[in-house]
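Next, two complexes with chain A in common: one pairs it with chain B, the other with chain C.
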Partner chain A sequence: MNKIKTLAILFLVITSVETWADEAGGTHSIQVIVSSQSELTSLSRKQVMSLFLGRARSFPNGGVAKAFDNEIGSTIREQFFEGLTGKSISDIDAYWARLRYSGRASPPKVLESMAEILKEVSQNKSAIAYVQEQDPDELAQKNIIVVHAVDTH
Partner chain B sequence: MTDRMLDRCFRPFSKFCNLLQWFTFLLLLGFWQHATAESSPFDDWELTGFGTLGYAESGKYDDLVLKRNITQRSKKIEDHGWLVDSKLGFQVRKELKPHWDVVGQIVAQEKVSNSIEKSIEMAFLRYQSDEMWSFQLGRMVLDTFLLSDHRNVGYSYHSVRPQTEFYAWIPYSHYDGMKTIFEFGDFDSSLRFEAFIGKTKATVNIGYNDDDTSNNYVKSAPIYGAGVTWEKDELTLRAYIARFRFTQNTNAINRLMDTVNNPLVYVPWPESIEIANDYSIENQKVTYSSIGFSWTPGPWLVQGEVSNVTSTFFGSYDGQRAYFQLGHRFGEFLPHMGYSYSWDERDFPYDPPPPDPQLLGLYALLKDNMSSGLIDQSSMTVGVRWDFATQKALKLQCDFATLDDNSLGIYPTQDTPELGTRNWKKSSRSWCSTTFDWVF
Partner chain C sequence: MQFRHLQHYVAMVMVSSALVLSTIFSLIAYQINQRLAVEESERQVHSLMAAVKNTASAALFSSNQAVGMDAINGLLGTDVVYSVTLEGFADEISQGMTLSSVNKDGGAPLTMITMSLESIFDQEHILGELRVAPNKKWVSQRTHDTSIPTIIGVIVVIFVSCFVSAQALKIRISEPLVKVRRALKDIHGDSEERLSLPRHLQTNEIGVLVDGFNELLDETNAAFTIERRLRSQMQEVQQSLEEAKAVAEEAAQAKSDFLATMSHEIRTPLSGVLGMLGFALKDPQVHDKTRVQLDIAKSNAKALLTIINDILDFSKMEAGKLNIEMVDFDLRKEISSGVAFFEDMAKDKSLHFHIMFDEDVPKYVKCDPTRIRQVLVNLIGNAIKFTESGGVDVQISMLELSKFSMRLSFSVQDTGIGIPEDGVAKLFQKFEQADVSTTRKFGGTGLGLSISKQLVEAMYGFIEVSSTPGKGSNFYFELPMGRGNAELCETKVREQAPHTHKLHILCAEDFETNQVIIRTLLENMGHEVEIANNGRIALDMLMSRPFDIILMDGRMPEMDGLEATRHIRSGVWQDQTLKQSSIKIVALTANVTDEDRDRFFSVGMNNFLCKPINETELHHVIEDTIDELLAQGRELTPLIRATENELDSLFSITAESIQRTSEQTDDDAESMEEEELASKLRITFIDSLPKRIHEINQAMMVEDYQELGCLFHGIKGSASYLNDDGLVNLSGQLELWADESDMEKIGTLFDELIACLESYNEARVS
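Now for the complex of A and B:
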């Protein structure tokens, strides 16, 4: 009987810690950003997915689109693609290996820092990228708007 | 337009393709010397690559050798299990200006009569005229089946190797020619049509021996085909048809012709010439047709293909092939299982010669030739892929294969007599393999 009690307490402690960790970690979002010159206001999840998986090369308004990626192996990249597609980052990398090495398409160009990403998006009306949650007003000052948010844990 | 006419039309163009291949390859080599220079002419070149380091129990049995495909040397593979799946590839791509780019790829791997030229899998120039149309010229990978255009890239699929019953017998991996692609769609789904024409060549090791008659040079011109791919969310459907014409006989068939053209053979046994002619591949045609699907809802992976191979001559690979795979990802691990089958139940339809020991020996040899083109076998596969680090995966897989009578079209037997039949009787074998795959 004592063993059952101990196990029950242990179970409660573990689940409480998990719940607390979830709450403490919370849900935050990764923002998909474009230049304000792109004349876009928002994009759906499916549209963002198509642009970042190389299935579409233009925005819904017809403008040329060029996706930019974060560093390979970075946490934000993993969270973004897993949140966006529901697939593991390994599956996404394998998907791009199929496209790249059959000569069909190249994955989005990798930019090494958030500063580079913000600079590229602010100057290039075709650029689309993703960054950790930022203040939209600060982004607007850089000529950048948020068109989609991907929730992550 | 007949195949011969297409071949003639294509000849001047092929010289240009050869030049283009070498140009791209030299650029690939040159990249290494200039890659570190601060302002090099190779700025904005994408240099990437992939590799597989593997080991397979290819020499486990005394009467059968595991092979990945028929372009590998049976004896070499038997003695060096690490050669079965290991390979290293480099790729370069450069956007020359808007709408134009070049792609080159070279892959080092075990192959009969290996050479740098044969290792170039891609070297093409592409013009993307608009969102819908693109045109490619040069050397391109053959993509008649779902995995055939990236089958060298182990990281891109979950199994150790593409299903042997379905993929191992395909002699060609690339072609020199041109390709047109038309694609359209919206953010919901896309449709892609493509058509190609070109020429191709390869050397295949049929059987176990590593000699003149076992290593066969096969050249095809023209090779042409068309396909359609439909993608919607996690579902991909694809149908393809390709056809090629062999331009010349192999060494083994030439040797056979010489033998039956001897009056000591054809006078007492006139049918021997008919049999040899039926084996002849010169100007004969082969057609592949296939349909396949890939469905990846969430962590699941379901994939399958069915193909039909028909030819206008007797000794060719023939029949139907199919496979089905199922996998599920659990974090870093992706366990999977699959079943593949190849149907080919042809019999040797010729009557025996008059009872002369030499003629009976020749009859046995002719009959045995068919075993080299027969794939009547199935495999059950279980395996796991472990993505232990970014863009790196370890794989472990075991295959349980059953080969029907005389089905020696992929896996050869060491019991190959100088004269006579190999007499393979239905039997099962199992092999395990492991690989480390990465991209960079």
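Now for the complex of A and C:
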């Protein structure tokens, strides 16, 4: 089990380095994805923000929504929230900290990898998450659609 | 309120202004502090709201009530917040919510402060608002806390400045004024001092006041000076007035004295004239024609005597020395006999003259008979004088009668010339008659009515007159009187019965003449007499043998009568008991004023006799003494009663002479007896003259006034027995001056006296 774990971390590091190398080359965007079963076509920035910051717990069409987050401290998370809200990640964290202080806050559940995120979104029609820009066809195969894109610099 | 001191007033004003100022400033300070507190509360609320803004915003963003409550409770955790409301607006995503809570410690809300809450992630998106009311309680507390030191500070500052101002006022104004006030107390109207002020007060109102006061002082000073001058002038005037008064009084006194002396001087020779006329009339060898002439001369002399007596009375009245007696007497008898001689006068003028007593007029009354008679004589005399036909009626009536007193009226009505109306008023004034022509026609001094009026008034009565010119006058007077005692009236007229018992009499008298007179008088009465030359000898004699009575001259050499009497009454003489200390002592004196009388009685004398000694009085005194001694049970040698004839022969009175002198007055009879005695005495007196002249000359040489007094007194006494009134007056005057030790005055009359004495001596020789 330990061996598997070590291998997984190693894989992650390698892929991360690869991603970083890719992004350094030009403008990328982070894509907000949901299950195609959610019957959504697109979401506004405000709607995306409400869903990821705990304001809204359902999609505009009334379907239950459940946001998933990337790992705390990950580059994509910083880029996503900064791009989405215009605030630094520490502000976002402070926001959550404030809410958590009362003990009843429910920040999005963190999934450890993109594969897990994709898997979750493809299987769960309530799920909403964000990933690095993907090939739309590939996503379509996995029953995932992009409803919003956040530019990163 | 009133203050004694300006300082207190200033202090009061200062304290009240301090109180008012403190109150105002405290209120202002409180207001300011309150506003500051409100601002502070708002400021604090603002900052608190800013602090929870993100949390509240997050709570609204995520519609998280718990977080919202957290934020609210956070705000309410401070005292400054009273209530908090957190409202989230509904929008397409959130349904909105409202959270509200109030401070559990209470208080009251102030103006709500509202803050709108925008989304953390989107400034444009207003999520709701936070409304907070600051707590009034906190503001009050805050105001209170900040105000106390402020107010204390304000009060302290105000009071300190007021105190400082008061002190300044005190030092600069009040104290100089107090000094002025003290100075004012010391300055009186007469003082030269002026008030002064410190320089800083000289130019203001106080300075003006003080200047004014100083000017006032100047004026009062001037007034005082004037007053002093006036006062001294007044004193001068008063003094000169007093001097003038003294001069006037002296002049009046001199006038009275002059009148008294003159009348006395005139009376003395006049009584000589009367006496001589009396003797001449007694002479059976006088021709009838001459007798008529002598009678006229005598009545003229009597008229003159009356006038002189009037003048004497008048001068006595002027000097206030007129005495009114109160004696019991028979009114009818006194008046009838007193005015009887007018009947002859009336008869001579062919006038009728009646005296009528009303029946109810009592027989005996108590008053002054001499003075009543004098008044009536005056009025009747006038009435007869001024009446040519008709007559004069005298009516005496009773007006009131009570148990002890009565009131009588006397009316003298004539049918004479009357008095004009304007004359009536002046009638009773001195020296006034109805008119000058009256004086010319009828003569008279004009004193009579004035004296009558004064006498009546002195007896507490009044006199008035009514008259019709040409028809007659009525003089009317009323007098109050006492009821008379019949017994006293009867005993007054004493018979001169011969003495029943023989007395052993001691006579202290220094002058031979007097010795002879008294010895003769007493021996004639049948008594045994021993003579002592002075008081000392009298005392020695009294020690050696018993006497029944002492006749004591007042003035004697070595020891006078008063001193001798004092020794006798003390019962001791030269350290030995004097047994006869209660013996009767009768003073012999030439001067009988009231003062003399008091002096005699005060040393213990029992009675007094006036010189020249009246035989009748001497007789009565001795008779009384016999009665007293007998009453005391003394055994006295009885005297053989002499017959009337024997007595007559003793006084050389013949039956013929009695008949002839029956019409004469008592005075004449007395002067005749005296004349006989005098001739006996004359020889004794002349014999003693060389010795006396020698003694007088000696005393003059050594200026021994006491001796001179005694010598002159002796001559005066002798001279009065010799009826030599000139010598009496001369020696009397010299005695007076000797008493005054005035040698200069004695010198003026001394030669005259010696000449007079020498003339006696020569008369004997011739």
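Note that the second predicted complex is superposed on the first by the 127 of 153 C-alpha atoms of A that agree within 3 Å, B and C clash if a C-alpha of one lies under 4 Å from a C-alpha of the other, contacts with A are read in each partner's own complex, and residues count from 1 in each chain.
The working rule: contacts are C-beta pairs under 8 Å (C-beta built on N, C-alpha and C of every residue); 3 or more make two chains touch, one makes a residue touch a chain.
All of these numbers come straight from a predicted model, not from anything done at the bench.
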| item | value |
| --- | --- |
| Clash or fit, chain B versus chain C on superposed chain A | clash |
| Partner chain in contact with A:151 - chain B first, chain C second, else both or neither | neither |
| First (chain B), second (chain C), both or neither touched by A:133 | neither |
| First, second, both or neither for A:112, with chain B first and chain C second | neither |
| Touching partner for A:54 - first (chain B), second (chain C), both, neither | second |
| Contacts of A:73 with chain B and chain C, given as first, second, both or neither | first |
| Partner chain in contact with A:39 - chain B first, chain C second, else both or neither | neither |
| Which of chain B and chain C A:87 touches, first, second, both or neither | both |
| More chain A residues in contact [chain B versus chain C] | B |
| Clashing chain B stretch [against chain C; choices 41-49, 131-139 or 239-247] | 239-247 |
| On chain A, positions contacted by chain B and by chain C | 46, 50, 55-56, 86-87, 91, 94-95, 98, 101-104 |
| Touching residues (chain side chain A, partner chain B) in the complex | 44, 46-47, 50, 55-58, 60, 72-73, 86-91, 93-95, 97-98, 100-104, 106 |
| Chain A-facing residues of chain C, complex | 54-55, 58-59, 61-64, 66-67, 69-70, 93-94, 120-122 |
| In the complex, chain B residues that touch chain A | 46, 48, 50, 89, 91, 93, 103, 105, 122, 124, 131, 136, 140-141, 143, 149-150, 152-153, 155-158, 185, 187-188, 190, 231, 296, 298-299, 329, 331-332, 334, 387, 390-391, 393, 439 |
| Residues of chain A defined as touching chain C within the complex | 46, 49-50, 53-56, 85-87, 91, 94-95, 98-99, 101-105 |
